[in-house]
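Note that the chains take the letters A, B, C and D in the order they are written out, and that residue 1 is the start of every chain.
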């Protein structure tokens, strides 16, 4: 099976391969009357776009989005929004290596085992290029949750974490790593350069904070806000772990240390004096910032030869040449933000379906 | 909204509150002809059952399951399987505290913010008692994946991890903690006793390994096997983090260190010389063991007073008396295993829908 | 596969066999705060209940509903509502005939072909007893659409139609046939008595009108209000045809004759001077009464021997003894009304998810 | 809400407006390894294409399909298949009439009531042009059910029915009406010419027969094969009624007359001596031909002025100029066939998910 639709009320479907003519998303269920233009989507795609600096893949893709349906006179109509991004730089190259042998860590073997057949050019459907379509869909989702501010940033590359006392969201746009700590950004520059030159790669941790989410979003028991976020994030290419709030750190705390005490706020809304829970309790938002952390493995494409087998079951080794991100977590950052927007927009609409009855 | 159904082809729906007359699950989509009896389900419920030793809540629930539909002459018929567990020990007590003020860390405030109304007796629908229904459903799912062996165990309580070199699956049943390391189990006994006596609580990490999963299960892009596992696990009460394979540890590795090299196996199937990926690549199983790790926060119910507010927005503090697990992660272990079985069974069926065409 | 859940936002799942211990429904997604009791559901079940007069099956079932979850202090909580009806009169009889040979017109052969196995007692899951669960779920749905008045009635039995000029909704409760024309009811009495005595059976047409549905419900393109109604109605046991508005009659009209002209109403809302469309255009309600017509085939259970084959493929003939409705369309009437309520409630909630944004 | 996805395992999503740049479908869940090319899809689109003779709209659309994803080296890969059809002949015209006043019988008022806003050019999303995307998706579905032969034809225009004794499937392609009775086709020619010249329109009934469907497809209770067909057909533009087998005619039969007796066949499979049921019992296919009949209302676009109101609620009248089909049922025929293929393919895959277990 393939299953290329995400969401319950706000649903989007993506399509497209790395080296096909185009890729895209159809966003269905978007409310009518929202101002939407290609210009509103493009900046999010630009943030994810490859080839912008030496720390990412050198594939040159303008990633220009076209809106093919669902708007009229600059506004959404409530009908499906078809977004298309043409592939421009599918460099013609020799794929005989990849066609013949499996790249360890990639989806090559798994796709073959599943489908008996695959488009091996650039990873086909398993390429992270597919995430461009998510970012475009995420830009639509943001229109549905204007009350929410979503900030995503890299908080660790390799084993090098940011200094949280030096964290400044204003710094995120000042470096090519979405890093909120200017000193860490400096260190990472060297680190990634070294990895790139060595033909090696690095993992990363991305953090995402959504401020302004009101209390009450999330659909227990099997569409909990945190469960849907976990699925959304774990489904991003190269992701191996997801945490909400303190995450694995919470396992080491006592109940007292992990409590998020509440106090009456001035406006009648409660205030919390801690946020170990990351803004979600019982699968429902509490009104605190929603905090999510996502672990990206190092890019599997490395220049060091790795043992593998051919499709015919013969032992061999493979070197993954080509244009690759030395640290996929970096360009994964706008994707994390997009998935956060998509999950929150879906849950806002889902919530509204029910509670207006009160 | 509430959303109490999980799964795509094998679907189950749970219902019931902590202090209602009963709780249950309806399992839909199960293939016909599988031998199913109440006796086959009961042992899984018994493993999760409360009141079995001093390390868990003293609520006495026999958790006897009844099959109300979907079988005939001891076999599944392909029609929905209705499973019911009666609540027996809903001790009548004074709930005025909980009705009046929110217990921090519980879903009390979030449910109220969402629904404007809640069954506050024992946490109502947000109680971990609901997971009994998942365990019953999971026992049905296991029948669908007889080729898979699922083992779940606690690998960390508080900050105290097992010694992986001393890990022995045969030990798991020999202690009340589902611990595969007998020396760690000893240490935990003291640790939990101390927490229990202090009215405090502890977090835990549960690991789950599924052996025998063939390559090819998982539905890219938005029903990836790892994404569905992440949702399944993050949706368990008190869970705050999920990892597949090396998880967050992978973020600190280089591409070379994280590679899972492949070698030709004797039977033609590939062998892997490492499993950093936890048995999943590109959202599809690789044939290696599927490895998942789940972080449970410490129980929010503690005897130390915590600052909170009343429903009327007044400051107060609350002590959560009653019968509680000092470490919910322990009884969460059979739930993790059940969710693994449910996700795998669903994906086996989903996979079969498509590939039989080949 | 079996697929026992219906609906998109308001979803219900039914379970249970004709001769199992019980049957039931889990209604999920119901808004919180609605007054719900067993007493509110029971009258709808009573209307469908067997054994009330000589024109329906003599199986004696009290069809008492129990609410097992989802309410607190007499109100819905927003969590799943589990409804259970115990089977009381599963008369023990000799099923060897039905076990051995297929009853033509019943689902016997189809279930065997699908599942290779079936509960043959009373038709098992394919029995119309399952519709009791829908009627119970429908009673919950009605709470969500209090602005709508749903009226269902039999408008034809065999080839004998009501006189529409003599139609009076107040008559519907005055005869055992849900007939709005007292003279037709008289004729039908004789007709059905004759069929019953001859061991024969009759078909029927049921009409359902929903007044008070506002303009705007329905989700184009693939969850159109009329398409969802068609699925809901065609899925009722013994139904073979569904019409909206003029239905097949519209095929014989000219565009001029089929037009539903609009006029400005006094309150600003438009008025229509005809309703050929049955209250739905483009899959969306227009504010006119929603009108649906449903054809029930004659009961397949007849005393005349019919040619059939055994499970082993031998020719034989079968007589369907037992307690059966001579005209299943009659007791199908409350089921039609229940499905109308369930579809409308789902679409009200679905609509609300999106348009509150405006 | 809008809901533009259909299907459970084989799912397709359509997008696009009548006068936007393009329209399309994303087909998800298709098995890998099936030969698929644009040439294989095009004939089905050509059969539905407008402007081919004087009996259909004169809009000139080549309806050339492009496959943008999901195939590699001429075969499906198991990943989503994106199909795009560019709009070429969106004649620029004056839409001020339609923008200002509602066309009775069209979706104009309903869309406005729902969305508060609509793309009024050519009916926007509610235009029957959307069905081109279904036909393209249906061509993919046919690859999944090669064992099935689907034949759709018009059996009635206005009140003029074909002579069933003169029915010959070979005639269907010999006239512009998909008519299997050559004499009826002659009569219809005059009939439609007259309607066209008078600026009037005609309704029609389309029949669809699927031969070769094995026994066992269909998912009781709420995804019955007939219920899914009913939804699929009722969701086609202008459809007001759906029948399976004898449909409404069955309501007038006695149980004896409606029985489909079974006899042992030579190959061990049962044979039926009648097919009143239209190949479906209990929601599951019986192995007999699946027979479905669909009523299309007359086109609402007529040259006779009809009373209506403006968006501002003023009384007015409207004449629907422009290029329209005098009988939409004709070009609806390939759409009916496409939906049959899509439902059958979905159910084949759904069935396979479960029963391979046996």
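One rule holds in what follows: a residue touches a chain if its C-beta (ideal position, glycine included) is under 8 Å from a C-beta of that chain, and two chains touch if they have at least 3 such contacts.
Values in this document were obtained by computation on a predicted structure and should not be read as measured data.
Visitor: If you check the contacts of subunit B and subunit D, which chains show up for both?
Guide: Chains in contact with subunit B as well as subunit D: A, C.
Visitor: Could you classify the subunit A-subunit C contact as same or different, where same means more than half of all interface residue numbers appear on both copies?
Guide: Answer same: the two copies use largely identical residue numbers here.
Visitor: Per the definition at the top, count C-beta pairs in contact and tell me whether C-D or B-C has more.
Guide: C-D
Visitor: Approximately how many whole Å separate the CA-defined centres of subunit B and subunit C?
Guide: 39
Visitor: Approximately how many whole Å separate the CA-defined centres of subunit A and subunit C?
Guide: 45
Visitor: Using the average of all C-alpha atoms in each chain as its centre, how far is it in Å between subunit C and subunit D?
Guide: Taking the mean C-alpha position of each chain, the two centres sit 26 Å apart.
Visitor: Please set out, as single numbers or ranges, the residues of subunit C touching at least two other chains.
Guide: Only 1-5, 9, 14, 29, 32-33, 78-79, 114-116, 125, 220, 350, 353-355, 358 qualify.
Visitor: Which subunit A residues qualify as touching subunit C in the complex?
Guide: 9, 29, 31-34, 78-79, 144, 220, 349-350, 352-358
Visitor: Which positions of subunit D touch subunit C when the two form their complex?
Guide: Listed in rising order, the residues are 1-6, 8, 14, 102, 104-107, 109-111, 113-116, 125-126, 130, 156, 158-159, 195, 200-205, 214-224, 226-235, 237, 240-248, 250-264, 268, 270, 273, 276-278, 280-287, 295-302, 304, 306-309, 313-315, 329, 350-351, 353-355, 358.
Visitor: Can you tell me which positions in subunit B touch subunit C when the two form their complex?
Guide: For subunit B paired with subunit C, touching residues are 1-5, 9, 11, 13-17, 20-24, 26, 28-30, 32-33, 66, 68-70, 72, 75, 77-82, 84, 114-119, 124-125.
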